[in-house]
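This is the structure I want to talk about, given as structure tokens.
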Amino acid sequence: MSMPQSISSVFMAILRRDMLLAFRRRQDLANPLVFFVIAVSLFPLGVSPEKSFLAEAGAGIVWVAALLATLLSLDGLFRSDFEDGSLEQLVLSPSPLYAIVLAKILVHWLVTGLPLILLSPILGLMMYLSSDQIVLLGLTLLLGTPVLSLVGAIGAALTVGLRVGGVLISLLVLPLYIPVLIFGAGTVNAAASGLSVAGYLALLGAFFMLALVLAPLAAAAALRISMTNS
Amino acid sequence: MKVWFYRLGSPKWFYDIAGRCLPWLAWSALLLIAIGTVWGLVFAPADYQQGNSFRIMYIHVPTAFLAQSCYLMMAVAAVISLVWKMKLCDLVIVAAAPLGAAFTFLALFTGAVWGKPTWGTWWVWDARLTAMLILLFLYFGVIALQHAIQDKVASARATAVLILVGVVNIPIIKYSVEWWNTLHQPPSFKLTEKPAMPSEMWLPLLVMVLGFYCFFAAVLFMRTRNEILDRERRTKWVRELVQKVSSR
Amino acid sequence: MKAHRKQRLFIVLFIVAGVSIAVSLALFALSENINLFYNPSQIAAGEAPQGQRIRAGGMVVDGSVKRDQQTLEVLFEITDYQASIPISYTGILPDLFREGQGIVALGRINEQGVLIAEEVLAKHDENYMPPEVAEALQKAEAAGKAHFKPTAADSAVVTQEP
Amino acid sequence: MALLRVERLTCERDDRILFQDLSFEVGSGEVIQIEGPNGAGKTTLLKILGGLLQNWEGELYWKGQPMSEVRSEFLASLLYIGHKPGVKAVLSPLENLRAWSALHEPATDDKLMAALARVRLAGYEYVPCGSLSAGQQRRVALARLYLSQAPLWVLDEAFTAIDRSGVEQLEALLANKAQRGGAVIMTTHHALNLPGALRKIRLGKAQEAPEVLEEEDLL
């Protein structure tokens, strides 16, 4: 019998493995980003290119697009591991599944959430946001996109191995995303109205902490259940 | 204790008990709702501001109550199902989810109908309304997941996890939208306080709420019994039951 | 075997720590009074931004409603019993709009400090009563005995704030 | 004492009872082959023994203790290779083994290379597995057998797509495992040549007409 490895070494090993996997399939990584940019640029075309409208709605538009882009990328979080049997090996590891799932979610955020944040200033400029607002938008995305990945992972774990997976994830996860959306976009709007944003940021931080510690628990439980789907 | 607990979890036992309660529940539901309807619509006085339109409250309030109670009940069942693996709870969840969705929809619909004359609009993005809409989406998610997973046990467990995640989120959602925007009046009924309306208005409401709860329980029992029969169709007692019924 | 226990303990501690941080952040946020809803005293004190779309809520001041004879424009004031602000609205008001009633107005404040409303919604409180009772109460109030409406209305406004 | 004890195991999937009241023990030094026609529930049984499924009734004991209480110790003593080998197509054999060993069995790169050489993959260490043949991919998974110290191996159709000489090599490995006190539970379509150690458990034919159960069985 082998001694179990330390949590941190297992965490790092999964991190390394999934980053390597993401890097080998880097052409797939661009898709959510392209979607993000296109979705945002649809609003000036579809609603109104007026400067005052965009400046007012811009933060909300970028947030909605970021949310949808994350959603788009969630289906792949566990699916490929499920299909080639790697997920069985992960679930049967003597190390806590909690840490493994957390590492996988971190990689998901690094390859989707982080690029979205890096792109957001450009989109903020296109939406005529002021430089303060753009900084704040980036900050809210920094606190909010991890929550999207974490909560989304629960949906992905519940639907892994199901044929209708992709559509179902949106149905399960979108209602849970609403608080993050309200306060993410709300922070930028509050700042535009000259209000203090400390409370908003604190709340986003609270969501982040809560999701960080609880979502892997639910996702791990969901993964164990989903092993029945074959 | 353990024996009692397991007996409670036994589908056959529940089937018998629920069957015995069913007529009582159904009749009291019918009676209470009939009394409440007549009382509320005919005898209760009109409101000094809203006139007669406030009477939709007699449907709106009970449905809104039930929409939330039903989710809460499902959450309790989900915990029991996950921790003690009691099969009956899975069946109750399957039976309850569409009911909860229906009541949520009714609450939203009657709210819209009520909102038009009082607020001047069918729909506002108000905290309570938005929270209810999200609750409806949560119900849809639960129902969709239930049907998407073939294996009965896995489906029940996965649904239970989803319901619990939703329960953690419901207060968050509730407070988020409440801070965001509010127009809806405070609850008309609080357990701790005397209602802020005269008794000839709230007594019929109380009767209606009780009636709706009985109705909910009756339909839930009926649906759970059907689920039990379907799930246990290969057991001896169900076969004997079917033979008895068909020979009659 | 002990290592497994230790790992589990580590995770439990991680969860407890995370939840406590989340709770303290949420408590801090609560003390910050997040608000997208202004009452008249805040607006009168200049806390509400000019030119931004905001929501304001309060009771319609008795005797303040002035209707323009030619257009649909209505001028009225709302109050939270500390301060009052003027509101201008063009359009059809909801049935429940009347003096002494709680309303929510969506609009922008102009240079003169008038809220130009794009939408006026009547808020109704949880106090239902038959017309006779309301009449009796009003009479009592006129006689200076009971102070029914303002207290109930106050509570209705207060509940809109976190 | 038996390593693994199975008591009154009953499993039904999709309204069909796969097996009922199945009881057996797996002691150290045993190689157990699960036999049965297609659809008899061989894979399901192995998944249950590996702890992947939850929809079954009955009791499992690991070294005399109920499985639910010693799950992490059990997992640390288990090597499971399923139908799907768990080999990533975009990673090379070496990277695949590294990822696996980090989770299950710490090993240096030298050891990993040696294991790959044992399954005749020397020279393919850095080629993406997606460009290897089916048999070679299967061997990447089987290289774990040369690294694993786990007392219990559960192998589901592990010899699929493996050539004749490969199977012989694996038979020797299994015999060696049994001699050293390990236990193996496996399914395979190959006729195994393992004198002495091999025991067979036959699962019944898939039941067409479902059995009538007592109520307690389904509780």
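We just call them A, B, C and D in the order they show up, numbering each chain from 1.
Quick note on the criterion: contacts are C-beta pairs under 8 Å (C-beta built on N, C-alpha and C of every residue); 3 or more make two chains touch, one makes a residue touch a chain.
Everything numeric in this text was worked out from a predicted model, so none of it was measured.
When every chain is reduced to the mean of its C-alpha atoms, the one closest to the centre of the whole protein set is A. Centroid analysis (C-alpha atoms only) places D farthest from chain C. Set against one another, A-D and A-B show the most C-beta pairs in contact at A-D.
Distance between chain A and chain C, defined via averaged C-alpha coordinates, is recorded as 34 Å.
With centres taken as mean Cα positions, chain B sits 33 Å from chain A.
Mean C-alpha positions place chain C and chain D at a centre distance of 65 Å.
Contact with two or more other chains is made by residues 4, 34-36 of chain C.
Of all residues in chain A, those that touch two or more other chains are 3-4, 94-95, 186, 207, 210, 214, 225, 228. Residues of chain D found to touch two or more other chains are 54-55, 72-73, 76.
Across the interface of their complex, chain C is touched by residues 45-50, 54, 57, 117-121, 124, 175, 178-183, 185-188, 196-198, 200-201 of chain B. Looking at the complex, you find that chain B touches chain A at residues 82, 134, 137-138, 140-141, 144-145, 148-151, 153-154, 157-158, 161-162, 164-166, 168-169, 172-173, 176-177, 180. Interface of chain A with chain D (complex): residues 1-5, 9-10, 13-14, 16-17, 20-21, 24-25, 83-95, 100, 224-225, 227-228. Listing the residues of chain D that touch chain A in their complex gives 47, 50-55, 72-73, 75-78, 80, 82-91, 95, 98-100, 102-106, 128, 149-151. Only residues 34-37, 55, 92-98, 101, 104, 120-135, 152, 156, 159-160, 162 of chain C touch chain B when the two sit together in their complex.
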